[in-house]
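Pasting a structure here, questions to come.
Just so it is clear, A, B, C, D and E label the chains in written order, and each chain counts residues from 1 on its own.
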Amino acid sequence: MGYLLRRVGFYVFTAWAAITINFFLPRLIPGDPVQSLIARSQGRLDTSAIESLYILFGLDTDKGIVEQYGDYLGQLFRGDLGLSFTFFPTPVSEVLADSLPWTLGLVGITTVISFLLGTFMGVLAGWWRGSWADMLMPVTTFLSSIPYFWLGLIAITLLADRGGAFPSSGGYDPGVVPSWDMDFVWSAVHHSLLPAITILISSMSGWVLSMRNMMLTVSSEDYITVAHAKGLSERRVMVGYAARNALLPNVSGFALSLGLIVGGTLLVEIVFSYPGVGFQLFQAVGAKDYPLVQGIFLIITLSVLVANLFADLVYLLLDPRTRKEG
Amino acid sequence: MALPTADVMPVTAPVKRRRRSRLLANRKATIGLVIFGFFCLLAVLGPVLAPYDPGERGDQLLVGPTADHWFGTTHLGQDLFSQMLDGSRSVMLVGLVAGVVATVLGVLVGVTSGYLSGLGSEGLSALSNVFLVIPALPLILIITLSLPETDDMTIALVIGCTSWAWGARVLRAQTLSLRRRDYVEAARATGESTWRIIGFEILPNLTAVIAASFIGTVIFAVLSEITLAFIGVPGVSEWNWGAILFWAQSQQALAQGAWWWFVPPGIAIALLGTGLALLNFGIDEYVNPRLRSSTKVRGVRMRVGFTPVLRGSGHGHD
Amino acid sequence: MTASTEPAAPGTTDVVLEAVGLTKHFPIRRRLRTLFAAQRAVHAVEQVDLALRKGRVTAMVGESGSGKSTVARLMAQLVRQTDGQVLLHGEPVRTGGRRFRAYCRRVQMVFQDPFASLNPIHTVRYHLTRALRIHRSETSAEELLTRVALTPPERFLSKFPHELSGGQRQRVAIARALAAGPEALLADEPVSMLDVSIRLGVLNLLRDLRDRLDLAILYITHDIASARYFADEVLVLYAGQVVEGGSGEAVTQRAAHPYTRLLIASAPDPDRIAGTEAEVTDAGGGEPPSLIEPPAGCRFHPRCPHAMARCELEAPPRLPVESNGDGPHWAACWLYDANTVEAG
Amino acid sequence: ACGDGTTGGAGNPNGVLNIGMPNGPQTENHNPFLPSSSSNSLGYRWALYEPLVMTNQVKPDEEGKPWLATEWTWSDNFRELDLTIRDNATWSDGKPVTAQDIAYTFTLLKNTPALNINAIPYAEAVAEDDKVTVTFTSSQFVNQMDILTQTPMVPEHIWSKITDPATDTVKNPVGSGPYTLKTFTPQTVTLTVRDSGYWQDLPQVKELRYTSYNDNNAQTTALANGSSEWAFTFISNYKAVYVDKDPEHHKLWFPPVLGVHGLFLNTELKPFDDPVLRRAMNMVINRNDVFMQGEAGYFYPEVKNVTGIPTPAGESFLADEFKGEEFEVDVDGARKLLTDSGYTYSGDTLLDKTGKPVQLTLSNPAGWSDYITTLEILKDNFSDLGIAATVDKANQDTWTSDVDTGQFEAAMHWTNNGATPYDLYQSIMDGALYKPVGTAGVNGNWGRFRNADATEALHQYANAADDTVRQEAMDELQRIYVEQAPVLITGAANAGGEYSTKNWVGWPDEDNQYAPAQPTQPNALDIILRLKPAS
Amino acid sequence: MVTTEPVLEIRDLNVNYGLGDDAVHAVRDVSLTLNRGEVLGLAGESGSGKSTLAYGMLRLLPPPGVITGGQVLYHPRDSEPIDLMTLSTAKLRRFRWSEIAIVFQGAMNSLNPVHTIAAQLCDVIAAHEPRTSRAAQRSRAKDLLELVGINADRLGSYPHQLSGGMRQRVMIAMALALEPRVVVMDEPTTALDVVMQRQILAQLVELRERVGFSVLFITHDLSLLVEFSDRIAIMYGGRIVESAPAAELYRESLHPYSDGLLHSFPALRGPRRELTGIPGSPPDLRAMPSGCAFHPRCPRAFEPCADESPVLAAPPGSDERPGERTVACWLHAVERVKS
């Protein structure tokens, strides 16, 4: 109970911190959306458009920053993230609704798969130490040191460009209409394979390594020896005793490093021109589209928090010591 | 992204005498150290060694590796080998500075919140968790773009100031376990002042953990910095490897078949990362001897639960 | 002798360190369910009175979790008491900043685990010279080592703790405590982590120091036999309260409190003839009580084979026990109340 | 690259034309007036809504083609426009296009400054029968084209019901164009041809598919493999990456229009306030290198004339004295020019008249790779003159505000473009736009150039009542530019595009310059109407 | 109850930590016999190799432990003896716990913190008697808990919800789950306080009466052994230096080390004994003294001690019951040679 209370407090605090950072940081960015819209058009938008744009974006009125902060919080409570500038007058929430599913689908699922697969491989590598499993280590170390984006670019060159088997960009084939039919689903899956593999390769290694280390640490606990002494089957000892315990720190590690992972994986979207929030964030930062930047940053943070909450609940389930005292 | 491995490891009593030799005896650590040293050397000498001015335009546009240009040239005829050499300084500088900043912050926050108790401690710990949860790269991106002026140093500072949290967390956990140690209490009972206890009794015992967290942050900082440069965030030195990749990407080098523009920076980053990661494993294994990988000596595989029986080898007789 | 049941009168010169009504409650972190309830606490030590005299060893025995270490830490002022006072030569001790150092100089502590009480990264020399420097002592590190029978001292000075055996480490820890030139030494289970074969050496060293330096020693142990062997006076602690006290022989040979009897009956004893098991079972079983909600009245009553209605209601005061000439002896048990005795 | 039958080059059988833009995911917004709308970003607004007149930007001096207006006359010193509206046009919901609708559109722009992107000072728009009279508060000579060809016309019966036209995303667009919206996804917008009611022959392209690729690379790949048949994007090595994939069909045509890109020197700073120095610097710039290396040999066409006016688009505006005056790199001449007017050399370093070495920081946002490449080339060129230049890759926002407030030494920048060289020169040297260093809000003249004659000439050109005065003003402007070199022009703005002739033919090209090849221009509609299936 | 019929025979067992030259010889040529129904105490100071011996004979040593020689013979009720050292992994797995169970020092660490007591009890039953139904397993687990005096409603508890004493009892219950013939107990009560220790030991003694198994009881507390075991073996420096019936050893120890041990702890009752202790400190296994490992600390050392190690053999004058009493000391060997 105390554990939960502390976690809840932590979530509230983090969410607040994110919201606040979220509000103030973009406002410190010099320049404004109009200037940057003009700048990005590099001449294709006439300079005389400036005035009308200021009026359009509602940037012609002045308000104190504190007042704006208050308004912002109020808006958030109403679930209103404001209007995007780049896609004016589309509400940020609509932009997010378009892009978030892609990110959740790609980054979310692959992160979880990466964790599960990495953990599984780590279990094997830790358990079968001194055998072929040790070969995994140097490879894993090397892979985990390669930046996501570079791996992605190489993957595009080798597997996508020049008649390769994979598309190099986008979330689905142009011309396919998003709906739940085979065409679209296949197209979406097809487009997500390469980025997903990239994420898997570079993020899985971390889990392999940490799970292996935890397995080694746990393997020398007394209860493992006892389990062997009890004559339990190899699999039971490995899974029910060693892996089950080694998993605990890994799960809480997973929760807390989600922020790091997600930050890195967003880059994959940029490289693969994947229509997710990472790509949008990058565009929005360039466009000084504060409402969008804020919205995306907030949503990423909140998603990470929710994932965290989820991981916490899993942890709570896995570790009886954190449950209510009996 | 190399995650710090084991979460909280008991700090085994360090064996001072054997310490140095043992860390070096670790093959991983040695390889890691050699790679790291090599890149440090490059950082110092690279710009001097560069055969060309990295920004100078040449006549040979976008040619592959030749005797004149070992790593080929860019679309402007700039020598990529020189750019790589020149860029190593910025990469290493930012990585190390960010590592130092993050480590110092991590030690300050982690050790303080671990040693002190009460609200302040909880607050600091919550703060580091917040920093952990907020996605790092977008945060760094937003902050760097918010700054009016950026150069290598400011970027290093930004990365350093945002990536201390993991180190702080690990250090806090370690400090918490050390704080209850009798020798800390004993030092208190002897009349040592608080700062001396932290500085002379606790910190030295955290050296390995601090070193590991430092190296972890350097890896993270290098990757972040290169990523920023690759995205085109200004301020990172001209020929930072990420900037080279940025140019390669904006000139669609891969589509043009100019692999030489892409491959060297990527390999260099991966190599540096691998070196640092190996060094970190060395430290991890040194801190936690259970992690030593080799349990297979002379054909005998040691397993938990089934002790091997050797017949005829070294008998117990004197 | 009832005199000794009261705290020694102020001004008694041979009392060095004294605890009066020492109480320590460790607050427990609030939980969601108890957020609005009163703050709960572990009642680790409750109303403990004890006096350490010059040149005498006072032993404190008790099972695990009875609060022995907490008493030692309170006496060393490493932990602030919730209530009560620690008196040094009759003066109440106040320890803030500077004054703590002055107090350290006179009261030193030796910890249970010699493997943990020396910092693995510092040499023996560092440990000793730091202590000497802090207390601006004239003594040299060599001299200290000689005093704890680590000779020749040069051989040990530049060693790291891991290069020493457990007994040697504990000696270094004692030497460090002596560096301050204390008057009182609080030894918290100084030998329980040591090998049987070398325990004796350390105990004998402490006894020797008591005699030579006229130290007042608090000897904490869970081994009642060693208390008998080593101490002049024995106090028995149960669930944070002192339940019995008296000279070593009196307490161990004619234990008065049912808990002490249980303790003695449980101690391994090679001389015990098979068949006296009954004695043990008779002495009661069960587990130590929760210290968060300690039993009302006498804290031992749920386990006590002689428990009476009164025991559940009223906490017994210190009641004198008839002594057979081996010193004062008292027990906090209603069995020794005049009325009960009569009724019995 | 994938086997899906609906994509790739299979457009012809179904009458589909695949158009691409590298603009990232879109949100549904068909408001034709908003620069942020998807219809604007991808360019399909011109397939839905039509302008009054169709002019060819490549040949701005040519007479426009009647479109929704069959006749247009300017009178009263370009303060009044009389329009005759076509009577056979209908909106896609079947209602006829009336003069009332046209008047309504202008009134809407007048009343909604947020939508009046070109800031046209409308006074009033009145419809009468098939005639519309639009009045303005100032002469609109230089804005003619904006009004006639860049303003999409909207139906009153729909728009008058929209509460806030500035923030409405017009989910069901109703226009007079030959196409109607079929589907929208963030990645692809599909338009189908109308069944009937279009005022001219329906196009042969039955379906337009606008795909938004996430970046240039993706767009390039799509072009290379044929899944995009028409696009506007920068390809750094277009021959190898694009044309060579299918040399027979993969074409591109990037004609210049009347706008330029150039190095803006801060003329308030010494020694760059000296026209001699600027002229000398201009003389050493290798425009061909910039074109070939910075612009991949096609993107921003080379400006050949010394006046900086892109040709052939601006051919007819050239003063007689400059006709055929081609720009040439002349390092020796530049050095001589400098030494003759008091500059000296210390070794290879140029010293200004006060004896200080001439140094220069060239700055542009880090991400703008073509500009940065250009700067690298300029830096190299300037070193021939003994000027030590450094390239500063700035933060885009800082750069934008620095340029806005005049806190820079030299930066690549673009100018506005228009139907005459007026826009270009105005962006370069209009004293009326001048704001002192430190003051923000300049809409042009970023170099803070001040020359009363130039300002006067610009004013005259915009407001003159007759063509001779205008021609004189234009000649004067060219003379001032050549003498003063306020901006070192490096290349022209373009209105081009990449297209494939595999399935569709009839594209504009060097031989048939009927329209700029850019899919987002109003002329795109003209092009689509002319496309025929490849045999 | 106690017979001389051996159930477990350890012959010349050698255990090393590590391989090659820097291997530590933790157990050297140890031979020991456990008879049916007896409690055999194994005493010796820390690091003398007691645990290594216990784990070694079950092949449970963690890396880098290796067994470098010797046999461990288990005598099943009605078949040929089995050498544990030659069993295959699968057979060994089946053998463990059903024949020999083991209770470790720290019960907290011996129980898997993430599974309930019931799960862990059923685990072992399921592994060895796979055909037992769930319900049967559970009722068996309940019986077992009751056997060691824990209320059956604790079945669903997690280890951290039990006190130290309860956990240790759970471990004992678990050890008895398959009715093994041998239970090895490595310092099962050291972490507990005396009251709890006695409760558990009393229970153990009682269970042995009822169930009838042999116990190898390891501790460094000699006084405890004297009271509880039938026979005691004393280890020093990786070797058994003396073994004798408990009472005899207490009355008259032959090896000076045993004697020193017996005189290291004060008596609780009776006259205050003189305590001599043992001077010096335990040997470093890496650098063992030559000859008898104890000789540098031995008050009665003489010439042969430093040169040759004595063999474990029956002392002179104890021939009536062979194997009952052995000692490895030149003091007694010399006498035997003389006589």
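Quick note on the criterion: a contact is a pair of C-beta atoms (placed from the backbone, for glycine too) under 8 Å apart; a residue touches a chain by one contact, two chains touch by 3 or more.
None of these values were measured; they are calculated from a predicted model.
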If each step moves to a chain the current one touches, what is the fewest number of steps from subunit A to subunit E? 1
Which chain lies the greatest distance away from subunit C when centres are computed from Cα atoms alone? D
Using mean C-alpha positions as chain centres, tell me how far subunit B is from subunit C in Å, no decimals. 49
Would you mind pulling out the distance in Å between where the CA atoms of subunit C average out and where those of subunit D do? 91
Between subunit A and subunit D, the Cα-mean centres are separated in Å by 39
Tell me, which residues of subunit B touch at least two other chains? 145, 147-148, 249, 255, 295, 302-306
Each of the following residues of subunit A touches two or more other chains, namely 29-30, 161, 220, 225, 227-229
By the touch rule stated above, which residues of subunit E touch at least two different other chains? 55, 60, 62, 92
Report the residues of subunit C in contact with subunit B in the complex, numbered from low to high. 73, 76, 78, 100-101, 104-105, 108-109, 111-113, 115-122, 130-131, 134-135, 160-162, 173, 176, 179-180
Subunit A residues within the subunit E interface of the complex: 220-223, 225-234, 236, 240-241, 244-245, 248, 318-321, 325-326
Under the touch definition given earlier, write down the residues of subunit E that touch subunit B in their complex. 14-16, 19-20, 23, 25, 27-29, 55-56, 59-69, 85-86, 89, 92, 238, 288, 290, 309
Which residues of subunit B touch subunit C in their complex? 13-17, 181-183, 185-192, 200-201, 204-205
Across the complex, what residues on subunit A touch subunit D? 29-31, 35-37, 39, 41-43, 45-53, 55-56, 83-90, 94-95, 98-99, 160-161, 163-164, 166-178, 183, 187, 190, 273-275, 279-280, 283, 286, 288
